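Note that chain A is present in both complexes that follow, paired respectively with chain B and with chain C.
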Partner chain A sequence: MQTAGFLGYLLRRRNYVALTAALVTLMFVSAAVFAPLLFDWESATRVSLGTALLPPSLSHPLGTDELGRDMLIRIVWGARITLVVAVVSVIIAMSVGIIIGCLCGYHENWLTNATMRFMDFMIAFPRTLLAIIVVTILGSGVLSLTLAIGLSTIPANARLFRGPILALKRRQFALAAKALGATDASILFSHILPNTMSLIIIQGTLLLADAILIGSGLSFLGLGPQPPIPEWGAMIAAARAHVTSHPHVIFAPGLALFVVILAFNLVGDALRDYVDPRSRKAL
Partner chain B sequence: MGTYVLRRLLTLPLMLLGVSIAVFLVLHLIPGDSARMAAGPDATEADVQQIRVNYGLDRPLAVQYGIYLTKLLQGDLGDSFQTLAPVTEDIARTFPATLELTVAGMLIALILGVPLGVYSALHPRGSADRLVTSIAVLGISMPGFFLGLILMLVFASVLGWLPPTGRGSCAHLVLPSLTLGLPYVATFARLTRSNMLDVLSEDFVRTARAKGLSWSQVIYRHAMRNASIPIVTILGLDFGRLLGGAVIVETVFAWPGMGRYMVDAIMVRDIYVVQGTILVFALSVVLINLTVDVIYGIIDPRIIYS
Partner chain C sequence: MDPAISRSTPSQTVFGHIFNTLVKWKDSKLSEIIPDLAESWTKSDNGLKWTFKLRQSVKFHDGTPFDAEAVKFNLDRISDATLGSPNRSLFAGVDEVVVIDTNTVEIRTKEPSPTLLEILTEAYASMNSPTAVKKSGRAYSRNPVGTGPYVISEWIPGQHLIVKRNPDHFGSPGRAATMSFRPVPEPAARVIELTTGNTDIALNIPPESAGAVAQSADLLVEPSSFQIFFELNTTKPPFADPRVRLAVNHAIDRNAIIEKILDGYGRVPEGIFPAGVQGRARQRPYTYAPDKARQMIAEVFPGGYDGTVVMWTPAGRYMKDKAIAEAVQGYLNAVGLKTEFKVWEWATYQKTLYRPDEGKGTGKGSNDANMWLLGTGVTNADWRLRRKFFSTDGSNLTGYSNARVDELLKRAAVDMNYETRMKAYADVQAIIWNEAPNSLVLFDQVQLIGKAKGLKDPEVYASEILRLDQVAKR
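Showing the complex of A and B:
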């Protein structure tokens, strides 16, 4: 729907960096979606020590890892895991964060004030640590990693969305709806919330980058998906003993992570410029 | 000012109490039996039960918390299941290492970031300015462990200039603190730049110039002081983030800090260690935020706390 408009905008502005970034995110999402059609799960996880640590070649374009598995196949499957973890965690963080932000922005009383104070207190805590605590409770794995990232991002989202809602509910159209007898729920969801849609899309894109970054860090620590699941951070952790002799085992997943996170951040920034051209001047 | 600091300090025990209850509850909700974990795979049912009794794990939750709190007030965080050493001893050994790493990382970000930001504010649209805006996004996109491994590969393995892992000399500190601090350089630079630009357009800067002060005096005595207020705010928040990042950097460089100690304890469900380390992390974050509030007052005497 709006995608074509956004890409056209990037072309008109000759923003080739953001265009490349959009292309990279598209490639990443396709790899994640079509991974089962491209390679079977068996070849991403089967250990064959005879082919361990081969440098990149025609049969293994990115080489093989310390257990003889093809790096390209593992990276493509890793994209699928990364995307699922990132998307689901962002959905959790955004939906709960927006609900708390809405309620605390729309109703101003002691309860919502106390909730926001608590959220502010939580924001002061490093997210990596919050996520580690959640993983400690739930145990390591794909699901708990997803929940850990999602839950630890809720406070920041609640605060981010409360501001605009606080401002929007004092605007004429919201007051008019109230004067016409609309219920609180209908004012919030059909009048106020649609006005934050651009913020939701921009924040969602930037949070995806953030979720991938934090998730890979936790996986690197061994708190994410367990072997033989091909997660990029975990792949780096498993192969790091061989970094000196076979740098490709680190660089393939590491560059994949860096490029994908960078792409999401650049697309998010470009989206912000597209939606609100004034923000570019503020930079 | 004095009463404000005092009042904030008085809320500190209350916050700690809240944090201790939260951490205590959270860790008792963990599925999995830590007593069985501590007893090892070959333990009999009687052994496991004995450990439960020894550590008081068979008592009601409220009683367990009461015992935990009493001990906490006496500076006793319990003993590790793994090493059998008191957790406080391990924290006393590992926390300074984490603090050293975090402070060094912060200093790198500040020492490189703030001057870069001032310079690009004074030369808008120059090459430094363009550099700052373009490397900021690189900084927030780089996973710390990947950056660390690259630095280790280049400066330790290939060039052999610096030791790859461990703690000890200043040379050991260089790579871990660079890994931690570099991603924040551009963030600080960008923040300094935008604050500096705001301040430089204010009337008092023009007045200071008009009364004959040199540019450097105006910048360092008038503009910098005003521009640094928002930087101090971010400094407080980023200190927490660096503390969290230190957990990952410690793993990369085998730095014997509290983050690594905590993660190792999580793997084997050594609850007293996890409890103790999280408590100390929380305490540091609370203290840092308090310090930041006090620093505000010093930089900007207009702030009156009510």
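Showing the complex of A and C:
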């Protein structure tokens, strides 16, 4: 319903770029969801050196990698891994970040102050480094990669959401709710938080793009899922050696990564316009 | 940069130019041992005393005269536990070094030592200036001083090391006035340095760049004593049974790996010793027979092995190591073994593998895996076998223990007859290859070296060490 509203809005604004981006996003999401129906896991991972590094052809539309695996199948399965990691890590980062942000914005005492200073400390720490430390401690794999991205994104979210909560709790409707005797929890979660929903949606979309980028970066460094699991960043790392002789092996995962991140960013931008009442009024 | 301590091949290439040893191999074929700092030598009839006559009026780069005292100082130093040299065990057979007169030194061994001369050719046995060692103390590795054809003139670690010709060298003087050695870790960067004329020699050219190098420079393809393999944990299933270890050796297609991943730059192993290793006894290469492999596994595990095989590999240490490990994983899956894969960074990997872990399977950190990828390039037959196959050796990571191999190696270690000693090593190689391997052998490396056109006569050893003092540039 909401999605339809958003797509309709894009159509009315003739924002075809964002519309395309939305469709691309949809395409990759469905590839991720339906990967097991399209291709089986066996053909995504089976090594067959006889067909290594074939250029794109009818039977292998994107060619094959250095171990003879079809690139298209690996990209599709890679989308599943990449997007699952991104979505779950963003859910972790947003939910924990929002809870910390809400509590620290609503209550002001030494504990929340200390928590926020701790968050500042974490923000000052390079994010990629923080993620690398988490992966090193937990060992590399899909789960630890997800946790690493999630944990390293929490501080920025906590800070981002504290601001609006701090402002909203002084607004009249919040004070009125308080005067009527509403509990803290009900003021916070049924009056204040819904007012930040637009922020949550936009931030979520943009964070997704960010999470994909960081996840692929860590995988590129070998800190992601272990072979033979296909992951775009790891595929780029493996293809690096063949850039001059067989460019197609780096082209496919590189392009997939580029397109998905661009699409998420464009959709995020368009969403911002859509939920911002001022830009809608101008229509 | 202390030859007594360092084990890195690039450092040893530099050592060869700054230092001399008492005796050396005549050429890169290891055909014969010839004098270097020692002019001649004799051994006593019981084989326990070796007397070396030293070359006279040789001086170290700092002016210290080279004499019998210096030999004693150097050999005592490497055997000294306080130095903590990882190469100390190599010299464990030396009982005492005695100065007879200024130019005569006697080395007494605990047991007849047929390998003594071979050990003295190693870079670890380089002669350092005693004055410089005493003066620099722990910082000696920053200021090495030898007798070689070149002297260090500038060294910025991680950037470059420049040597200049030593005018007082006793042998044939170096041809080039100066040489500069630079570490360039990124393979693609090495290729660029070579093709743009920034460097005259680039080592370890990646196979996929071989074509590009051949266009603007010369590509040397030299045999290497390096063999790459997966060592197998022989202390726990599935590889506790030698039949399974043999089976996996038949499960992989080495030709395909070499052709497709290494672009043809590698050789199918004919035994555990590649070309260039002393006492090589060639065996029949393992065939690629997945059905046979599956059958052999089924003999030991009817219905298949249902555990998971844990595979470890470093990334970037050996030619295409990770890609090859992935391919092996594919082949193992194809014969019904389930696998778990882990990629390591080299320094951590090495530390983990060798970490003592008493009482557990292999007694080392390696026990946490079933198979791990390594390579070895040791050219000395005794040392190469003893490290990997002697049941109580500290470098034996697989927990390998075979009474016959132990017995043969023990006897060979005191056998003063070269022929029968080499025969013993050949027997060991045959047992390991045909009956009880400790590893899944992958391929014999070849050295891919890029060389500027017009550069003549670099001497390339199978151990991947280079001698460049007689190199001429046109």
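Here is the rule we go by: the second predicted complex is superposed on the first by the 276 of 283 C-alpha atoms of A that agree within 3 Å, B and C clash if a C-alpha of one lies under 4 Å from a C-alpha of the other, contacts with A are read in each partner's own complex, and residues count from 1 in each chain.
We take it that a contact is a pair of C-beta atoms (placed from the backbone, for glycine too) under 8 Å apart; a residue touches a chain by one contact, two chains touch by 3 or more.
Note that the structure is predicted; figures quoted are calculated from it, not measured.
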item	value
Touched partner set for A:Thr244, first chain B, second chain C, both or neither	both
More chain A residues in contact [chain B versus chain C]	B
Partner chain(s) touched by A:Val275 [first = chain B, second = chain C, both, neither]	neither
Which superposed partner A:Ile236 touches (first chain B, second chain C, both, neither)	first
Which superposed partner A:Gly222 touches (first chain B, second chain C, both, neither)	both
Touching partner for A:Arg46 - first (chain B), second (chain C), both, neither	second
Touching both chain B and chain C, residues of chain A	222, 244
Interface residues, chain A side, partner chain C - complex	45-50, 52-53, 66-68, 140, 222, 226-228, 238, 241-242, 244-245
Partner chain A, residues of chain B touching it in the complex	26-27, 29-32, 133, 137-138, 140-146, 149-150, 152-153, 157, 194, 236-237, 240-241, 243-245, 247-248, 251-252, 262-263, 266-267, 274, 278, 281-282, 285-286, 289
Interface residues, chain A side, partner chain B - complex	123-129, 132-133, 135-137, 139, 209, 213, 216-217, 220-223, 233, 236-237, 240, 243-244, 247, 250, 254, 257-258, 261-262, 265-266, 269, 282-283
Complex interface listing, chain C residues touching chain A	187, 206, 208-209, 211-212, 253, 256-257, 259-261, 315, 320, 322-323, 325-327, 329-331, 333-334, 340-343, 345
